[in-house]
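Chain naming follows the written order as A, B, C, D, E and F, and within any one chain the residues start at number 1.
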Amino acid sequence: MISIDPEVIKELTTKGIRVDHRAFDEYRKIKIETGIIEKAEGSARVEIGGTKVIAGVKMEIGEPFADRPDDGVLITNAEFLALAYHEFEEGPPRENSIELARVVDRGIRESKAIDLKKLCIENGKKVWMVFVDIDILDHDGNLIDAAALAAIAALLNTKFPKLDIIEEDGEKRYVIDYEQKTDPLPVTQKPIGVTAAKISGKILFDPNIAEESAVEGKISMGITDNMIASIQKSEPGGFSIEEIDHIAEIAMKKASEIRAMLG
Amino acid sequence: MEQKLIVDGKRIDGRTFDQLRPMEARAGILKNADGSGYFRLGRTIAIAGIFGPRQVHPRHMEEAEAAILKCRYNMASFSTTERNRPGPSRRSKEISKVIREALMPVLFLEEFPKSAIDLHVEILQADASTRCAGINAASIALADAGIPMRDLIASCSVGVVEGQIMLDIAGKEDTEGDVDLPIAYYPKRDLITLLQMDGMVTREQLKQLLELAKKGAMQVYEAQRQALRSKYLEE
Amino acid sequence: MISIDPEVIKELTTKGIRVDHRAFDEYRKIKIETGIIEKAEGSARVEIGGTKVIAGVKMEIGEPFADRPDDGVLITNAEFLALAYHEFEEGPPRENSIELARVVDRGIRESKAIDLKKLCIENGKKVWMVFVDIDILDHDGNLIDAAALAAIAALLNTKFPKLDIIEEDGEKRYVIDYEQKTDPLPVTQKPIGVTAAKISGKILFDPNIAEESAVEGKISMGITDNMIASIQKSEPGGFSIEEIDHIAEIAMKKASEIRAMLG
Amino acid sequence: MEQKLIVDGKRIDGRTFDQLRPMEARAGILKNADGSGYFRLGRTIAIAGIFGPRQVHPRHMEEAEAAILKCRYNMASFSTTERNRPGPSRRSKEISKVIREALMPVLFLEEFPKSAIDLHVEILQADASTRCAGINAASIALADAGIPMRDLIASCSVGVVEGQIMLDIAGKEDTEGDVDLPIAYYPKRDLITLLQMDGMVTREQLKQLLELAKKGAMQVYEAQRQALRSKYLEE
Amino acid sequence: MISIDPEVIKELTTKGIRVDHRAFDEYRKIKIETGIIEKAEGSARVEIGGTKVIAGVKMEIGEPFADRPDDGVLITNAEFLALAYHEFEEGPPRENSIELARVVDRGIRESKAIDLKKLCIENGKKVWMVFVDIDILDHDGNLIDAAALAAIAALLNTKFPKLDIIEEDGEKRYVIDYEQKTDPLPVTQKPIGVTAAKISGKILFDPNIAEESAVEGKISMGITDNMIASIQKSEPGGFSIEEIDHIAEIAMKKASEIRAMLG
Amino acid sequence: MEQKLIVDGKRIDGRTFDQLRPMEARAGILKNADGSGYFRLGRTIAIAGIFGPRQVHPRHMEEAEAAILKCRYNMASFSTTERNRPGPSRRSKEISKVIREALMPVLFLEEFPKSAIDLHVEILQADASTRCAGINAASIALADAGIPMRDLIASCSVGVVEGQIMLDIAGKEDTEGDVDLPIAYYPKRDLITLLQMDGMVTREQLKQLLELAKKGAMQVYEAQRQALRSKYLEE
């Protein structure tokens, strides 16, 4: 790995130049492939430039939360594989992977992308649990947008496995046949994550890994239907209200462009 | 929409839309910590303690050119309606991270290479905006510890409840509201150093929310400065 | 923090002098405040000199232990907050906090301070679980006595939350309304922890943190109703039977004085 | 015995007894890793990434006279029929160990004292023989990283299903078969470097199984070499 | 502890000499003692040379796995006690102890040594769980064979505790009286672990700890009834098919000899 | 009170009130440990092993002026009526601490700066007084390891059952008794180095209990010395 000195990135940015010659609001090439893991109920592989992630959706039957007895359960998890970046190490999930998973989760949840009511099997007792697991395979910057895109692409690709409810001695048994896929998951929104970075006082989008080493701060927005459904600022460094508003404006546009790629 | 959280233009606890809950700020409340702070916002109570700058443990986390700020946000087991199980959770780890990042811009970390500043934020009672109260207590604690700072960071939250933008949502407004948006604010540079949001807003609403949050933060800022002034006058 | 050389403490003690000029059997100033955490079923803040602890009581519904089907469950836990002392570090609960919690727990349990039978909701199935959680805020020595005092003060301050038992389809649901407090917890004893330290062969009470750095050994007794309900020796160093008997004698007196402060 | 897994001398997926599932092997599939490999065997998909030789963390694991090979085998949560809970299991720790030991004989570890080679094997989809696919991807990754090697290690499994010895069992053959025996093979020295077995066999059967496994491994070996060749030709 | 240079071992082996003058296929002295832990349902202490292990069997009632509703559950665990070897350290179970436990477990399981169907109490609901716990007390090499032998000896020594099923309000309660032992566990096979090591290209059996420091590779076979029920190769270093066949041949013989010691 | 645990002035297992269960003490029972001991008290069986003095791991735990004594008390999974789940519990951590503190007074730790003495106590069968049996085995192990000691520490417990003070309670006396009080005793200095109590006693009873415990400990002491003597005579 050749790494670029963050000071060089800052200088270039001041001059209005990005290290890979993109416009400040330009994304790298995005590739989306779905259905790549047959054993998952849904799956997608996303590349944004050199960043590669896979999201897989698995479904199980479980109990609802006591305060939402007729809602299904959505659980999002991200694994930074040790092979994705020279500094990742094994061990319990750390701050960055927890934040990543939680931001992607909120993007889906707050935009009401999935109709959780339709995941209820028996009120207060049995609901579908939807696990969105994201493997980071190669880290070339902007993991949040790649992970969020893989997550929604995998959810759109998801079909319920066949469920048989068998009554025996007054007790119900729930038997899932994972080999048979049935109806698609009720996905009603397509939230898109758009991330901006501030370098040398300038705002640019989709930072690559070299740019991330030079950022003052980043803001990720989850965009749905011309609304902002979630925001997360990360990294030290602050933003003015004007900067945040500018990010919101561009994010709306970018989100539409990226959403169109989901088909 | 049936209006239950807004009655006659007032909120359930009688506040106006742009009113913070009663605040209480104090500096130097602990004996052992190098610096400490207390911040109460209604029923939300946070304390913060600082040790450092001091040697880094474990050593391999040490940085050659600047101090590291370590932050641990924790909710006391008895702070919540349903008992909070002890130990770090995914939520508390994320909040520890955003608190740390919110405070770093005002610290001269580069003045203390190879050292650590340890910040512990304990939420004694939780009724919304715990990360904000924690940041406010932490700012006071950092100043109380005599750690050089460019400014204090002041934090509060705004939200949308029954379509209405309001400052510092709490109680049922928190559990039944539509949008929750905490910020941390760096007054001297007019910068937002923490920003998170759950819920759906338009671009225009976002701007209004941020303007309102800034106003709230400036009141917090005043309370923090008052707390530090009182302590120094006492001494 | 200015720390005092343990050798100085030892020398002073030999001369009959304590670093803060107390008599050997004299406690530092004790402050007790209750009801400070509204969201808890009971709470107390205790100071003994510079030592500050908060105890909060939370109640939940759970299942009894198989061998005590009609007893409620008492669980005591102590957290040494990293802000309380320069040497505390985060991580899994360590020896000292485990010992502290277990000693406080035994003081309450062995003195039969709480009538656990009255916490039974449905024999063998549902009982109240009482969690006593203790936060150590500032460590200036003698944590056991401060924690034990905060625990019993918080328990005396505790009221049951409102419980509704709803029968539906032959199944019972237990719904707790934590906003409404009802009857007080049945606390029938007021056990008091009294700790003695041995320094330079002398026995003194309520050691502060400077004295703790110089101790040979400590003995903590849980005192109830002129009986000793629990004992824990800690730190290396031994005691003669005469010394232990002397500690028991003074502990009885001190316990009465401190108990009176509980009102 | 009712024959369900063998019909008209063919296996449920139409293969003959000595036939491997379709293979796909690729080298250099990742950008950040120093070396990487991909190996697919039917529906079983493994990728492997290498970092190193590099400094050992934590330092006390360092060895004065040779590099250490650290290996972590992991199954993606979505790789299995029932979701696989994240994090290491007893099974994954054992497999990590046998993979490491299977690969060590071909490495010149003594040439890199005090350093570590970190190998991560991720199973993206699991349909039997995941450790074999992992070893095959790992061999490719090691070569792709330019780490000096005496040979490639090639791995596959054999089994007994309804009394019949067969190569590369999969699907129902795996869950309902009688014997599962994975090997790793070091062709240049004709040595078996991984060997595990579950199920009952006679001494004679064991020999037959090993001979068949060797034949399968040689086909894998060819696919691995082809993958590396393709990558170098591209460059 | 005096340790012997692995290079010396290799040289000796080349000359056909073992450090303790055994023949290449000769085991050290084996001692088996059973019933040593009265509180366990079964127990055994095994020595192979200086290696000492204890296996204890405890039984509980639990639920079967969903895919085997009428099978009891067998769980094997090994603890490398810190007192057994100067390099063992505490902490979560590590590779070696996990591998040991899993190899012993497979030896029992694959040989069908226990008739798991006979451990079913109520189909799909309640079965006996059999825990085989192995304590390594002294590590002088060849832990797998010693642990496997202790495990099967303890299982052969195992008797069910008395089980009473009490019906109350249509619910069944399962009460175990551990003080009363009833029928023996249905053990139908006696799998024996036999381990071979390759040193300087030679194959020898039952390596002691000095020899283990010099091995290229080891192969352990679980032998039952003249069949091979499980195999595990460990340590780097490979084997030819001829070597494996030779090991299988000797293993059959050794297993018969050792099995005879079980009585 | 219905007397079930005392019949005709005798205890359920036939012992008198001041009688210990049968003891068995042995030194040097393990090959690898630098020192080892075995102590059985009725059905309670403990073994102890010592490594050290040796280098401290991890290094930052090292103390400049004295050796550290590390102690791990553990109950074998098969030692108890209901299986004991492997791994440390809160109970075992507390007991490890009090065992360590009970033994330290007789050790010349200051003679081995920067080193560690590792003590592992394993309870093979548990029928009350496991910490006592563990301390007794540990004392023997320390002496067997040749670690300089001022004296042996001897331990036993006393209790109150149906109002009667008695030595070394066991079996039902333990589960149904009123008071349990283990001590460790340092004979040459007449000091009690471990003292814990559960249950209610008067000041007068406490004194009587301690006197009785001391008598029991002296019998243990004799058994420990005999075990060490036997071993040296053998050699």
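Criterion: contacts are C-beta pairs under 8 Å (C-beta built on N, C-alpha and C of every residue); 3 or more make two chains touch, one makes a residue touch a chain.
Keep in mind that what you see is a predicted model, and the values were worked out from it rather than measured.
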item: Smallest number of contact steps required from subunit E to reach subunit F; value: 1
item: Farthest chain relative to subunit F (centres taken as mean CA coordinates); value: A
item: Reference subunit B; chain at largest CA-centroid distance; value: E
item: Mean-CA-position distance for subunit B and subunit A (Å); value: 27
item: Centre distance in Å when subunit B and subunit C are each reduced to the mean of their C-alpha atoms; value: 31
item: Chain centre separation (subunit C, subunit D; CA means) in Å; value: 57
item: Intercentroid distance (Cα basis), subunit F paired with subunit D, Å; value: 51
item: Residues of subunit F whose C-beta touches two or more other chains; value: 57
item: Multi-chain contact sites of subunit A, meaning residues that touch two or more partners; value: 93
item: Subunit B residues within the subunit C interface of the complex; value: 30-34, 36, 43, 45, 47-51, 54, 57, 72, 74, 76-83, 86, 118, 120, 122, 124-127
item: Footprint of subunit C on subunit F - complex, ascending; value: 90-91, 93-94, 96-98, 100-101, 104-105, 181, 186, 189-203, 206-207, 210-211, 214
item: Contact set on subunit C toward subunit B in their complex; value: 1, 37-40, 43, 50, 52, 54-58, 60, 77, 79, 81-86, 89-90, 93, 131, 133, 135, 137-140, 178
item: Complex interface listing, subunit A residues touching subunit B; value: 93-95, 98-99, 101-102, 106, 110-111, 217, 219, 224, 226-241, 244-245, 248-249, 252
